[in-house]
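These are the structures in question, set out in turn.
Each of the next two complexes has subunit A plus one other chain: subunit B in the first, subunit C in the second.
Now for the complex of A and B:
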C-alpha cells in the first residue's frame, strides 16, 4: 500500500472515531445524532446564531492566542480562567476613575485588563523559573483561588450599591464596547480580537521575543546554551500569555456584562488549549478554530434549549476534537509536531 | 473539649485526604514508569459519577466502587493508547482526558441520577467493636471507611513492588531511561501500560471515595481540582507512593482546618478559607523545589 493511501486511511479512521464518540452519547440520550448536528448547525449558522458564535469566538480567540504563545515557549498555561478574572477585576476596580475620559478611558480599561492577567501570569512564570514549581499545577490552583476571590469581591468590597445581588457596580458607559450589529450582542471586542491576531502573527514571525520563545519551547537546552536569559524569558512569556487572557476578561466585561459576576466565561481556558492545538499554534489560524468552538458553545446552548440535551455535551465534543487533532499528527507523521 | 476537637480534626483529615491519596498512589506508579497522567482529574470525575450511579442502580456501594475502578482502567487505557501507540504528547492527552471526564460525568449525571435529587447509598465506615471506641485513636485509626484501609495497603504495597521486586526494578528502569531499558530486553510499553492502568484504577477509586464515602452524592465537577492536587502530591512525594499519600493527607488536613475555621471565625469571608488547600499546594511546590533539576512540567 502506498504511503499516501495509508495516510488517507489513518486520517479517515481518526475522523470517524472522533465523530462516533459524541454521537454515542447523543444516542444514549435518546436523540438522533444527525438531527442533533442539523439543529446545532442550523442554529449556529442561522440568522440568530451567527452573532452568538462570534460573541463566543472573541474571548476564545484572545485566550487561544495566549495559550498558543505560551505553548510555543514550551509552557502549558491552563490558568486562562483565573487570568481572565484577574484582568476583569483590575479593570473594573479602576473603571469608576475612567468616567468622562471618553475613548481613552476604554483603552485604559482594556490595558488594565491585560495588566491584571499579565501580573498573574508573571507570578506563575516566576514560580516556575526560580522555584521549579510546575506551571500546570500552579495555574490550575490559581484558577480555583481566583474563582473564590471574585466571589468574595462581588459579595463584599466591590458589590453594587444596593448590596442585594452578587455582582459588582456597573462600569461607566465610556468603558462599554459598543454593539456593532443592531439586535445582536456582537460588540466591538471583535476588532480587539482581530487586532491582537495580527499583532501576534507579527510577533511570532518578525520579533525577537517571538523567535527566542520558540527556541525555548523547541529546545530549552539550546536556549540556555545560546545565552538566553531563560528564567526571565519564562516570566515574560507567561506574562504575555496571561495578559491576553486578562484582556479577554476586560473585553467580556466591556462588551457583555458591564460588571463583574460569577461564572464569567467559565471553561474558556480549557477550550483555549484545544483551540491553540487545533490551530497548530499559528496565530492566523486561531480565530478560525475559535469560531469552530464558538459554534460548539452557541450550538450546544441551542441543543439544551430546543432538545433538552445537557450542555456538558460541549466538553465531550471538545475532548473528541483534542484527541482527533493530536491523532492526526500520528496519521500524518511528517508534519511539524505541536508542543 | 480539646481532645474531641483533635479527634474530629484527625478523622476529618483522613476522610478529606484519602480521595486525593488514592489517586496520588496510582499516579506515583505511573510517573515512576515515565508516563505522566495529568488527566486523573477527569478520571476521578468519571469514577465519582459511575460509583454514585452504580450505587443507586444496584443498591450496593461496592458495585459502584467496582464500576469506578473499571471506568478508571478504561480511561487510562485510552491515555496509554494515545501516548504509547499513537505517540501523542502526554500532557495534551491528559488535558483531553480532563475535559472528557468533565463532559462525560456532567452529561451522564444530568440524564440519569442528577435529573432529580437522588440519595446515594454510601459506604459504611468500619467498626471493629471495642477498639473503634477508644478515645482519639479509636475513631481516627479504626473507624474509617474500608476504602481508607485499602488506600493504606495500596500505598505500602505499591511502594514495595516498585522498590523491592524485579518487576518494580523494570518499572524504574523504564522511567529512568526507556531506551536503555529497551536494550535490556525489558518490555517497556507493557510495563508502562500496566502502571498507567493501575494509575487509572486508583484514580477511579479516588473518585468513588468522593461520591460514596465523603459526600454520598454526585455533584457536577465535585472533584474540584483534587486530581491536580494528586499530581502535586506525587511531585512533593518525589514519586514515592507512601509519601505521596502523606502529602495528600496534608491537603486533607488543610481542608479540615479550613472547614473548622469557617465556624470558628464566621466573620471572616469564607472564600479566603476555601482557597487554603490550593494555596497550600502552590506553597508546597515552591518550598519543596529542587534547584538542580528543571523538571519537565
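Now for the complex of A and C:
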C-alpha cells in the first residue's frame, strides 16, 4: 500500500471516530447530533453569532500567541489566566490618570496591560531559570493567586464608589476600544489581535530574539554552545508570553467590560494552549484556531438556550474536536524544515 | 554448504535515493564478515533489512536456504538474527536489568520475574567478560558499559547471526580490544557475525573477509590481505585518497593558559582536578583518556560552556586577553569549538542549514542588524560554505536532520573555521566518519596549524593523535598527565597513563 493511501485511510478513520464519539454522547443525552451541529453552525454563522465568535476569538488569539511563543522556547505557560488578570488590573489601576489623553491614553492603557502580564511572566521565568522551579506548577499556582487577588481588589481598594457591586470603577471613556460594527459587541480589539499576529510572525522569522528562543526550545544544549544567556532568555521568553496574555486582559477590559469584575475570561488560558497546539505554533494558523474555539465559547449559550443541551455535553463535543484536529495532524506527517 | 544467510538482489529506495541497488550478500556459520563503505554507501540500510528493521522493496532473504520475510526485528530475532545498532536504544532512567527485560515476551504477560531471567543475563555477561552491575542505572554507565548492555540483550536470544553496526566507533582502545576478543570467541562457537566499521584495523584484526559498498551497491570483496590494503581503500573510496597533509606549524606564543583549573560535573563531583597546561600557536595538542575521566568537562569549560570552580583559563588571542570568558565572547575573539556531541550541542536537527549556520554567527553585523536577521545574506553564506567544504546537502534550506553524520560534521567544521580563528577546540572531530571525511578533516586541522592556529584535539583514536599531534596529554580520573612531545613517548606509556591516575 502506498504512503498516500495509508494517509487517506488514516485521516478517514480519524474523522469518522471524531464524528462518532460526540454523536454517541449527544444521543445518550437524548438529542439529535445533526440538530446540535446545525444549531451550533447556524448560530455561529448567523446574524448575531458571527460577531460573538470574533469577540471571543480576539483574546483567544492573543493568548494563543503567548502560549505558542513560550512553547517555541520550550516553556509551558499554563498561566495565561493569571497573566490576563495581572494585565487587566495594572491597566485599570492606572486608567484614571489617562483621562483626557485621547487615543494616546488607549495606547498607554494597552501597554500597561502588556506590562502587567509580562511582569508576572518574567517572575515565572526568573523562578524557573535561577531556582529550577517548574514553570508549569508556578503558573498554575499563580492563576489561583491572581483570581483571589482580583476578587479582593474589586471588593476592596479598587471597588466602585457606591461600594455595592463586586466590581471596580469604570475606566475613562478614551480607554474604551470602540465598537466597529454597530449593533454588535465587536470592538477594535480585533485590529490589536491581527496586528499582534503579524508582529509575532515577524519576531519568529526575522528577529534574533525569535530565533534564539526557538533554539532554546529545540535544543537547549545548542543554546549553551552558541553562548546564549539561557537564564536571561528564559525570563524574556516568559515575559513576552505573559505580556501577550496581559494585553488580552487590557483588550477585554477596554472592549467589553470597561471595568474589573469576577470571572473575566474564564477558561481562556486552557483554550489558548489547545489553540497554540492545533495551530502548530504557527502565527497565521492561530487566529483560525481561535475562531474555532470562538464558535464553542459563543455557541455554548445558543445550544443551551435552543436545545437545552447541558454544559458538560458541549465540553465533550469541544474536546472531541481538539482530538480530531490533533489526530489529523498525526495522520498527515509533516517533515518540513524550520527554515 | 548452504550459507546461514543469503540475500539476493535486495533493493530499497527512499524517495529519489536508491539506498540499496541490487545488493546480494551471504554469510556462513562461524564467519565474520566486515561491511565497509563511506557514509551513505548503504551499509546501514542493508543490515537494517537483514535485521528486520526495514522491509526491502524487492529481492529475497534466505535463511539456511529457505526464503523468509522479516517484517520486524522480532521476526528477525525468531529467525536467529540480532542487530546491535550504532546508536543505543536504552532508557537512561531505568536500570540495566530493566532495560534488558524491555521488549522481551516475559514483559507482555504483565508480571516480570526478574529472578528467573537473571541467570540467563549473568551467563551472557560472563561470556562477555564483564562485571556489569545489573542494578545500576544506565545513565551512570560509560559508553562501553552501555554497549555491553546492548550486547547482552542481543545475545540473550542465542542468535545464529549477530550484526554489529559500528561497534568500535565510540570505544576507547582497551574496550575495543575486549570487544574484538569477544567477537572471535563467538565465532569459535559457530555464530556468524556481520561487523560494520569505518576502521580498517577492525576488519584486519578480526574479519575473515570484507564486503565493500559504494553508492548503494556492492562493489567488491576483499580477503583482507595486508599487502592489498591500498587497493581496499581505493575500492571503498572509488578513487585515490588525498595524501595526508604533513606540514608543521612554527611554534608561537601561548594563546591559552590553563592554571589549577577545577571543573565540576553536573552532579557536583569533581571532573577536572587542578589541571594546568598551555596551548601555543602553531601546535596541535592531543587530549586522550578513557571516556568519563574529565576530558569532556575540560573541553566544555575551555569553550565557556561550563562554569570554572577555581583556577583560570586565560585566552590571549589577538590583542584580547580574557579570563574565564563565556562562549559567546570566546567565539567573537576567534575561538572555534567543534563539540564532541554533535546532536546535543553543535546543531539543531529540526532547523534548516541556514539557521544552523546563524547559530554561531549572531555577533556578525553581516548577518544581524538591529536585532533583525539578514536571512538572504545568511542563506548565501551558507550556500557558499556547504559548497566549499563538500557538504552533501540539497541546499541551505535542507533540514539538518536529513544530512548524514559525516556531512553534519563537515557543516559544523565549515561554520566554525574561518580566517578569524586563532584557537580550535576539537572534540572527537572524526569519530564515526568514513575514511575520506576523516582525511579531509585531519588535513584541515593540519592546514590550520600551519597557519598558526592553536589546536586542542580531544580524541579517542590514539593513531590519529600520533599522526597529527605535536604534544599529547592524558586525563585519568580528573588528573592531567603531560603534555609531552609525541616523539618522546610511546603508545605503551600513554596507555598506562590512561588507566592509572
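One rule holds in what follows: the second predicted complex is superposed on the first by the 319 of 339 C-alpha atoms of A that agree within 3 Å, B and C clash if a C-alpha of one lies under 4 Å from a C-alpha of the other, contacts with A are read in each partner's own complex, and residues count from 1 in each chain.
Here is the rule we go by: a residue touches a chain if its C-beta (ideal position, glycine included) is under 8 Å from a C-beta of that chain, and two chains touch if they have at least 3 such contacts.
For clarity, every value in this text was computed on a predicted model and none was experimentally measured.
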item: Partner chain in contact with A:132 - subunit B first, subunit C second, else both or neither; value: first
item: Partner chain(s) touched by A:319 [first = subunit B, second = subunit C, both, neither]; value: first
item: Touching partner for A:222 - first (subunit B), second (subunit C), both, neither; value: second
item: Per-residue contact with subunit A, leading partner among subunit C and subunit B; value: B
item: Touched partner set for A:148, first subunit B, second subunit C, both or neither; value: first
item: Contacts of A:96 with subunit B and subunit C, given as first, second, both or neither; value: neither
item: Contacts of A:46 with subunit B and subunit C, given as first, second, both or neither; value: neither
item: Which of subunit B and subunit C A:178 touches, first, second, both or neither; value: neither
item: Doubly contacted residues of subunit A, that is, touched by subunit B and again by subunit C; value: 337-339
item: Residues of subunit C that touch subunit A when the two form their complex; value: 303-305, 326-331, 337, 339, 341, 343-352, 354-355, 358-360, 362, 368, 371-373, 375, 397-400, 402
item: Subunit C-touching residues of subunit A, taken from the complex the two chains share; value: 205-209, 211-212, 215, 218-219, 221-222, 224-229, 335, 337-339
item: Sites on subunit B touched by subunit A in the complex; value: 38, 82, 86-89, 91-93, 95-100, 102-108, 110-111, 220, 224-225, 228, 231-232, 235, 269, 271-272, 274-275, 278-279, 281-282, 285-286, 289-291, 293-295, 297
item: In the complex, subunit A residues that touch subunit B; value: 25, 28-29, 76, 78, 127, 131-138, 140-145, 148-149, 151-152, 155-156, 220, 270, 273-274, 277, 310, 312-320, 322-323, 326-327, 329-330, 337-339
